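First the structure, then my questions, so here it is.
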Amino acid sequence: VKAHTLAELASRFGLDLRGDGERRITGMGSLERAGPGDIAFYAGPRHAAALAQTRAAAVILRAGDLGACPSAALVADNPHAAFARVAALFDRTPHLSSGVHPSAVVDAGARIAPGVAVGPACVIEAGAVLEEGVQLGPGCIVRAGSRIGAASRLVARVTVGHECIVGRRCVLQPGAVIGSDGFGLARDGEGWVKVPQLGRVRLGDDVEIGANTTVDRGALEDTVIEDGVKIDNLVQVAHNVRIGRHSAIAACVGIAGSAHIGARVQIGGAAGVAGHLTVADDTVLTAMSMTTHTIAEAGVYSSGTGIMPNALWRRSVARFRQLDDLARRLKALERRLDGVEGDDR
Amino acid sequence: VKAHTLAELASRFGLDLRGDGERRITGMGSLERAGPGDIAFYAGPRHAAALAQTRAAAVILRAGDLGACPSAALVADNPHAAFARVAALFDRTPHLSSGVHPSAVVDAGARIAPGVAVGPACVIEAGAVLEEGVQLGPGCIVRAGSRIGAASRLVARVTVGHECIVGRRCVLQPGAVIGSDGFGLARDGEGWVKVPQLGRVRLGDDVEIGANTTVDRGALEDTVIEDGVKIDNLVQVAHNVRIGRHSAIAACVGIAGSAHIGARVQIGGAAGVAGHLTVADDTVLTAMSMTTHTIAEAGVYSSGTGIMPNALWRRSVARFRQLDDLARRLKALERRLDGVEGDDR
Amino acid sequence: VKAHTLAELASRFGLDLRGDGERRITGMGSLERAGPGDIAFYAGPRHAAALAQTRAAAVILRAGDLGACPSAALVADNPHAAFARVAALFDRTPHLSSGVHPSAVVDAGARIAPGVAVGPACVIEAGAVLEEGVQLGPGCIVRAGSRIGAASRLVARVTVGHECIVGRRCVLQPGAVIGSDGFGLARDGEGWVKVPQLGRVRLGDDVEIGANTTVDRGALEDTVIEDGVKIDNLVQVAHNVRIGRHSAIAACVGIAGSAHIGARVQIGGAAGVAGHLTVADDTVLTAMSMTTHTIAEAGVYSSGTGIMPNALWRRSVARFRQLDDLARRLKALERRLDGVEGDDR
């Protein structure tokens, strides 16, 4: 088991130590479940009771919360971020040793920087470039002319289509597909002609792409995901979409073609965003919401109706279909009552 | 063509035979489409007309329905389950012969029980354990320290992340990802720090996971899917979710982080369940419903509004935005009418 | 850089040339962004301003629009379709050279036509048939007894299950799964018995299947996708579904078991279609709509409510739960007012 003393963690991450610096930390935990070798973090007053009762060896918290802490502590301006950085020490995600596994198929025309790890059953096509420190887990495919930026990690079974660009320090989870064809169709009589998708996908630095998420290549120009964007599992990003820096997109979201999502936007799970519109910087779209027009002003936007007991729901839905009629009848009533009241006067 | 006599099926599955036991069964069919070599099943009165006209060689049904059956029959307490068991005899899903395919990459530190089949292009990392009778179809990846329980089958191109646990007799469909990183982010200035996901995924026995479904590993504790849970395609199970035994989850569902789904819960297609809530045992959530709060009591819950002709829908949606106003105007009318009626008295 | 003269394009695609036939075209662009080597197309009056200002070398348009075109032109009855055909000349999607890559695993019992390309890390099982001109990109799996029709292309990491049929000139994007098991379950006490899925998937000719899309095999009969159907990414097609010719289905759609979708149907993104129903030919279902009953007559159908500012949404949703009550109160008011007005007379 890996262990780090509190003093070591304090110095490594620039945190102030309160308590016994020799205390050994062997893992991470929540306030509720941390054991005597674990370090936890305190996010704020909602967790005050858990803090008071924690069995953690130490807690990462703000200076102002030290008084309430029953254990040793590391003081941070941003306890959650500090916790994330400490947790990286205990991450057991397999780290591949550098070199190309003999079962990988690497085209002679690919360029692989020193220190790159290419795992078993990977395929790297001609003209692909893997910069320093890139890690390709098992079964990854990097197609012709693509570039994977320094220190990026393709966890396993990731596909990067031809001529796509992945920035530095990106993480692509298993099954992610970057650079599939956009859904471009031209009507032709009763059927369709496929419109070749000539653009690329460009991911900035520090982008994360979730498991089985798909990012289509652009039709003519590129699909662009800017620095620091985080995308969860099973998300669809259609052709020519642009997502601004540091936006975060939860699982099962679909973003249709040519939508432009601003910076620092947050999109909840299973939300849908229609094509050819703009979402302002700093907008929040809640889970399962349906955005069909441009959002010009930041704010929290929502749609959908939550669950009800089935019988009540059936009645409500029936009434929903009558809504226009109900509104007209209400208007008529108001006029009639105006008349009655007029008569009375 | 495989063939089994009715007498053989009756004895093998403990069913009562009515009719000619020498009749040869060569396949399965629905009541409507079964041919003279097929066996069908009768689910109940809604299918009475189909039963009367069936051309099936034999029908699996309850004893009480024998009178209405024009053909030979096998009598079962649960005809659908009996049909499922008989159907397994006619399943042509490729069965891999035991042994490790020469193209598979198996780390010397993996433990492979006798009788295990590892198909072409599989990758098994150090410390992984494949118990007796495990079948790995082509292109599967089992990462460091994972365990696949006895008689489980990874159909093809399945990814099991490091240190995850798959129970016995599980079936994982193609493209499934078990143990991708949860979507853990800590705010850091304008952007995000990735929170390492230190937990695992634990699947119980007899679990089925659909094609391209993703199950994230826990952040600190594990993501847990209990015995007998069945999950369809393209489902997202986020970190720290717990799903109780024998629950069934249809395709395209998203379950957000730390949601606790009870036992024997049924979730319809494309439903969404928010994080940090509890769904009571035996609850039914209908298709496309949105659950944003805890369900303390079992029942059928629904949300959403079904399709309407587009013009009516546009009017209804416009009125939906006025609903609060409409309700206030209705209240005002009631007061005014109270006044008018009071005057009249 | 590839280049084609305008005269060459006109003769190759049967289009009328207006302007300098020697002009060299080196790429495709939108009217707004095309540079002096690019060809663009004009879709109609909504783009009139862009046409007037385009810097494109040439524009593909209808004869009637020639007067408004500031550049050379190619005249087509269907400019969008002509543009798609021209664009294919500039498509840089990797074309595999014919032959079987040494890292591919091809069973001796598979039949591979001359001219077929099988890329690295592919697996072809016994009894599989790859017809003339088939292209299998890296990491594709074609299981026992399946058939891939002439000139079809499996882009990368596609899985085709046993005994499935893919027609001619199909394109299957990365991560697509054809022939996973349908979600067939029979109740058995507290839990479930898996119902073996004995049917196949049959794709017609000219079908496109998107990245990470899943198409389940039929339970008894086949799941059928007819000629010319185009399906986007992350779509779920359940067992026994039938989709009629030339239908187009956008990303994130789910179609439940035994639904029959007509011909030339268009389904918007993230829409859901329930099982055991029929959707009439030429129907349009808009994005995120929920179809729970048969659509007998073609038309545009919609459901859902779009986003609102969160505070307004909260009030609207609260009122939605009171809708039945509001409607009853409205009815009561009408009766009371009838009474009042009656009194007045």
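Note that the chains are named A, B and C in the order they appear, and that numbering of residues resets to 1 at the start of each chain.
Here is the rule we use: a residue touches a chain if its C-beta (ideal position, glycine included) is under 8 Å from a C-beta of that chain, and two chains touch if they have at least 3 such contacts.
The model shown is predicted, which means the values in this text are computed figures rather than measured ones.
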Third chains touching both chain B and chain A | C
Same or different: at the chain A/chain C interface, is the fraction of residue numbers used by both copies above or below half?
-> different
What is the distance in Å between the mean C-alpha positions of chain A and chain C?
-> 25
List, in ascending order, every residue of chain C touching at least 2 other chains.
-> 103, 121, 139, 157, 175, 212, 234, 252, 270, 304-306, 308, 320, 323, 326, 330, 333, 337, 340
Can you list the residues on chain C that touch chain A in the complex?
-> 27-30, 33, 78, 80-81, 83-85, 87-88, 90-94, 101, 103, 119-121, 137-139, 155-157, 171, 173-175, 206, 208, 210-212, 228, 230, 232-234, 245-246, 248, 250-252, 264, 269-270, 287-288, 304-310, 313-314, 317, 320-321, 323-324, 326-327, 330, 333-334, 337, 340-341, 344
Interface residues, chain B side, partner chain A - complex = 103, 105, 121, 123, 125, 139, 141, 143-145, 157, 159, 161-163, 175, 177, 180-181, 183-188, 190-198, 212, 214, 216, 220-221, 234, 236, 238, 252, 254, 256, 270, 272, 274, 285-286, 289-293, 295, 299-306, 308, 312, 315-316, 318-320, 322-323, 326, 329-330, 333, 336-337, 340, 343
